[in-house]
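Heads up, the next two complexes both have chain A, just with different partners, chain B and then chain C.
Our next item is the complex of A and B:
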């Protein structure tokens, strides 16, 4: 059954990459600036290293149970009941992430492009396409993610174009705020780079497990880190420091002033590409939640659970939230994400080592 | 086959519902603003002037372009904008505006107050040129047209022309936003005045700004040129004209030399004392060709060198005058504060800099080299 639903290493790379690149990229420079001032882009590089460590642990855990997802092997490690609660929590977390993605997507679209369009119409656009994608096989998701990743290239070119107006002096001297602040701000970086935890849920479908899978995940992490660091860097050398405090979405703002001879408002082009990246992360989280629900309800297909999850996320995101409320909610979500992306997997991994739990060795 | 057809029809039909019906803004239903101006009125009121393009008969059918100048007074830019909507038919759209003029008086107040509306609105044109006008912006727009060019296009082209001749840097709304908040760098906006003799607006140098306010000091186009060379902002053509007095009594009308600058390289050197910046020396090297020198023909190399030496001397004096003006206006156009922050971080203190800048010794040394004389000697 699984033979026709496997993904190869390239698809794994793009699945992780596109899940990580998402809604957070727009506000990333500002939130890093709030923590580490003009050294925020260094913070990001350090975050990449930390995430690499986490990815390694996730890989070690997954590799002990190469043919099952976290939902399937959790009972073997911590027993039926705790595993049930854990699964529920993971589903709730994935839904919460999907809701936040929807919320941030909606506020961004509302403030930047479509001012008068009803909220529901905007949310439905993302929900329908995202659900459609998540309902398809994982292989389809992988192929689609791979296909749309070409869109990252114009995105990078647009950002690079603004470097002609850059002033390097804005970020000099490097490290002026001390190593402490730089390290402290890494927590802000980790949040926007979440998405690598999808490894726990797609690992059994990877064709070449072991080293090849780890390599894909590592490359994805390197790609995301460099993309984010580059985008952050361009905004840091473009805006004077005081501006970065007050502009919540610096990348878009930066591109707003760019105009070519026949193309105006490059920010709209950027946002259009960004929407695709948001959609892919959204679909990934629907997939994680749907997969868990399917496992708990012992259904054969994921279609029903994913649609249910999408509806729940849509309803939750319909409560009107302003920019400041979303920031508060996103703050809670960020704290929770440490447990789900890092804490719980580590505990599971340690238990599985201590009690020598492994696939086949029950 | 039937299934395929069904799918095609489905796809075609579904694209119909994909258009954004709520947010469409049709050009035929909006009036485009081609120029905006702000002036100060008594009692902290702002006068906003919009130049709106009339869309009458298309030019292809024998119509002519024409503008309507509307001006209202209100408590803020947004307030005046709302009043505008009441006196202009159709939806007013400023998103394609390419020119923003600030009256002298209003620029001396905080320009952020006027520009906030532009910084905040996602549809605002951040790439619009921004300039300061001698007197009022309204009076400038009231000229309506110069020859057969409309005033908005005319003024924009004046500014663009000055940018090409190293007389002004490209200052857009976005750049003004960037520098007005910067602690270690000030800026200058093009200064437009009205020339009585030819009865048209004239590019008249740079208006020096400190943070968000116009300092009241301006530089002439000639001074602007030298300042921009010192700041490494050279654009495609730069001509420097300077009087000479090597032989005053040769019966010529002119006693000047014009050089066109081919290359210029400024270099800053800082020296410190007691943990503070004490002195900044700008060494500017200019390499250029002679563009006009009617007094004599330059047969000998030594003649060219004499001219270059005298130019060096005179331009050094001029450059030092400019630096003094900058300091008096407290306008850190050269970004010395930024340099301190970036390269000499220990002596940098943003609060202290405000007073420190006026105290430092600024000195310019200009060295001119001439190596071509055009197609005659």
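Our next item is the complex of A and C:
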């Protein structure tokens, strides 16, 4: 006697939200600054609009096959063999994302909190917890993601508290770098906002499909965009442009200077909350990869595949751990992500429209 | 061994052999008496009483300890002797009379407190009820005391317990179903629910699980609980155990199923959520603000009992910089002379505390108090002066212990304290990071746990805003129009504008 493995539209909102918010949030202001200077926060807003377009396409594609995941309907659109390769690619992409999450998590923890703890121990913590979360089926993920989202509130409050030391002159004049630069930097923004593609894999489990689901995805996108834009904005008005050039993780630095009555190092609290967000996005990618592997190996349960995926990701993440290598991998991963989050879904959607492929109609 | 054979062997439980088999009664008293004696292996509390009615020798047979002396005299012996007639059906005033020819029925009847009435030259015999219903007096359960409210508690007698329920719910829809569990003890187990309210799927599931029990004996409801609970490896209790009739009634009225057992005053309620363990019937007797504050305090106590030592350990051993300078100076100075790391300190104190609790629990009241004084005051002071444990740690552990005792349910408070230990280990090895991961693991477990198709951590996960008003806080009763949705009761509403008189008053 168990409840159904479905999620309601609120849980869908939080699944997308928590998958999107993750490791990238710490380095986001710096990477945006590298592209668009102090107008980075505008870039983020534009990125949000672009992503909204992508989400719409993902939704249209999913809605043509409302009761199956991408792995299940890809064969109907492009045939068995190409679909097989596509599924493999998606699995590889999800594993790669998981590896990058592990890597970035490990380096951040090492820099900020645990300087001498062995790398494996930190990676194992995330792997075990993330696997336990992903193995528990989608409904458990939905419940957990929704519950931990309350932690975003103190996070925002902490960041907002720093606004008392803000200096608006740092970002003035707005738009000084020209529309071209701002638009060009959107590619940096998209990478850190990845995660919305989970819609392709959880859509069949949503209770109220159609408009309600689209609404959830849209709201999630709005929430993520505003959260990121807000955090970026606070760092841009807190640090001078010169400082921003040198600081890799400005939010943490910013909070390090703040103190409340009984808490002297707010950055530690911030990072503790951030860990939960990392864990959720990590678990989401494990789920995506595990689901694919389950489909390809025609197993009934996702438990085995997810554990396998987690082990692969753990082993892979043990190889590379200097900052430089991670950056190179992350660069490749960023380029690949355009294909997976945007390119492939669009092609699939177009094919399914041209050849009138839909669920039910073979 | 092949898998198949092993399985079939498992499915046929071993039963302690009894000589009693289905056997037709004999025509003479002597033979029947002999048979019964042998069926009970000449046990000496099996009593026989020969009487002669209308010149026919008859025999009364009963198990002495089970039979109520007064009932036997008043309803069986006296009518038979005085009226001196053989038509037992009309003369005997027992509550229940059965007629049978099968001696096995006589044997099982005897073990249940029936008197067997045999007649010379007649094969069929009578089973006359004379069961002794003695039980201890109804008292308030010591582990679930309330200040205001009912002071009635269940007793060991299942019938008396059901009587208390029936008095509280005077409704024909209150259904009691009996099960016989345990092959040797043949224990009486009953489930109670309200027909047309409790979800039929739930009732079927409970019945299915109870019927699946194949065991030698059931001694306490804990056995049943372990046999029928969803996740046997979870640290959290998945059924609410209570000795209070008012608590059981309140849950049954919400559409849940109660389980009672002969010989045990504690009853089980299923399905329950995590927050049921933090509610007390008393909440509804005080003003609703107070009830709400009390509930919030209890939920805070959950967080304290679970994580306070771990937070302290993580703070002093990893992140002392998180505290402001004045505070950290105090803490560090108290730690100065202590040779152990905070984890060892915490373990020493926690283990001492558990020892004290375990020792005091089974001692009579006055001695338990002595233990409390010796343990709490003497050891507490001495251990600090001996520099084995710091002042701070004593405060933390004491707070943790007090918090854990604030939980109205004993099982839950034990579970939480137990969960504190792995958390302490994690935070001693990884600081806040370990603590966050540890708490996340517990939270994931809570989110995934389901009992009888009900999410355990509801209404927080899955989040149901409307139900927070009777779980985290307690709003006035007239605002709680609906039953909790997770129980899937057949009727959702439970209150219909009881304060409508107010509308007319203003006119």
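Basically, the second predicted complex is superposed on the first by the 358 of 362 C-alpha atoms of A that agree within 3 Å, B and C clash if a C-alpha of one lies under 4 Å from a C-alpha of the other, contacts with A are read in each partner's own complex, and residues count from 1 in each chain.
By definition in this document, a contact is a pair of C-beta atoms (placed from the backbone, for glycine too) under 8 Å apart; a residue touches a chain by one contact, two chains touch by 3 or more.
All figures in this text were calculated on a predicted structure; none of them were measured in a lab.
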| item | value |
| --- | --- |
| Residue contacts with chain A in the superposition, chain B compared against chain C | C |
| Partner chain(s) touched by A:259 [first = chain B, second = chain C, both, neither] | both |
| Partner chain in contact with A:297 - chain B first, chain C second, else both or neither | neither |
| First (chain B), second (chain C), both or neither touched by A:5 | neither |
| Contacts of A:167 with chain B and chain C, given as first, second, both or neither | first |
| Which of chain B and chain C A:67 touches, first, second, both or neither | neither |
| Which of chain B and chain C A:115 touches, first, second, both or neither | first |
| Partner chain(s) touched by A:133 [first = chain B, second = chain C, both, neither] | second |
| Which of chain B and chain C A:147 touches, first, second, both or neither | second |
| Doubly contacted residues of chain A, that is, touched by chain B and again by chain C | 113-114, 117, 121, 259 |
| Partner chain A, residues of chain C touching it in the complex | 201-202, 205, 230, 318-319, 321-325, 327, 429-437, 440-441, 443-445, 447-448, 450, 452-455, 457, 460-463 |
| In the complex with chain A, residue positions of chain B that touch it | 20, 22-23, 122, 126-127, 172-175, 177-179, 181-185, 335, 338-339, 341-343, 345 |
| Of chain A, residues touching chain C in the complex | 1-3, 8, 10-11, 109, 113-114, 117, 121-122, 125-126, 128-129, 132-133, 136-137, 139-140, 142-144, 146-148, 259, 261-265, 268-269, 271-272, 275-276, 279 |
| Contacting residues of chain A [partner chain B, same complex] | 111-118, 121, 165, 167-170, 172-173, 176, 238-243, 256-259 |
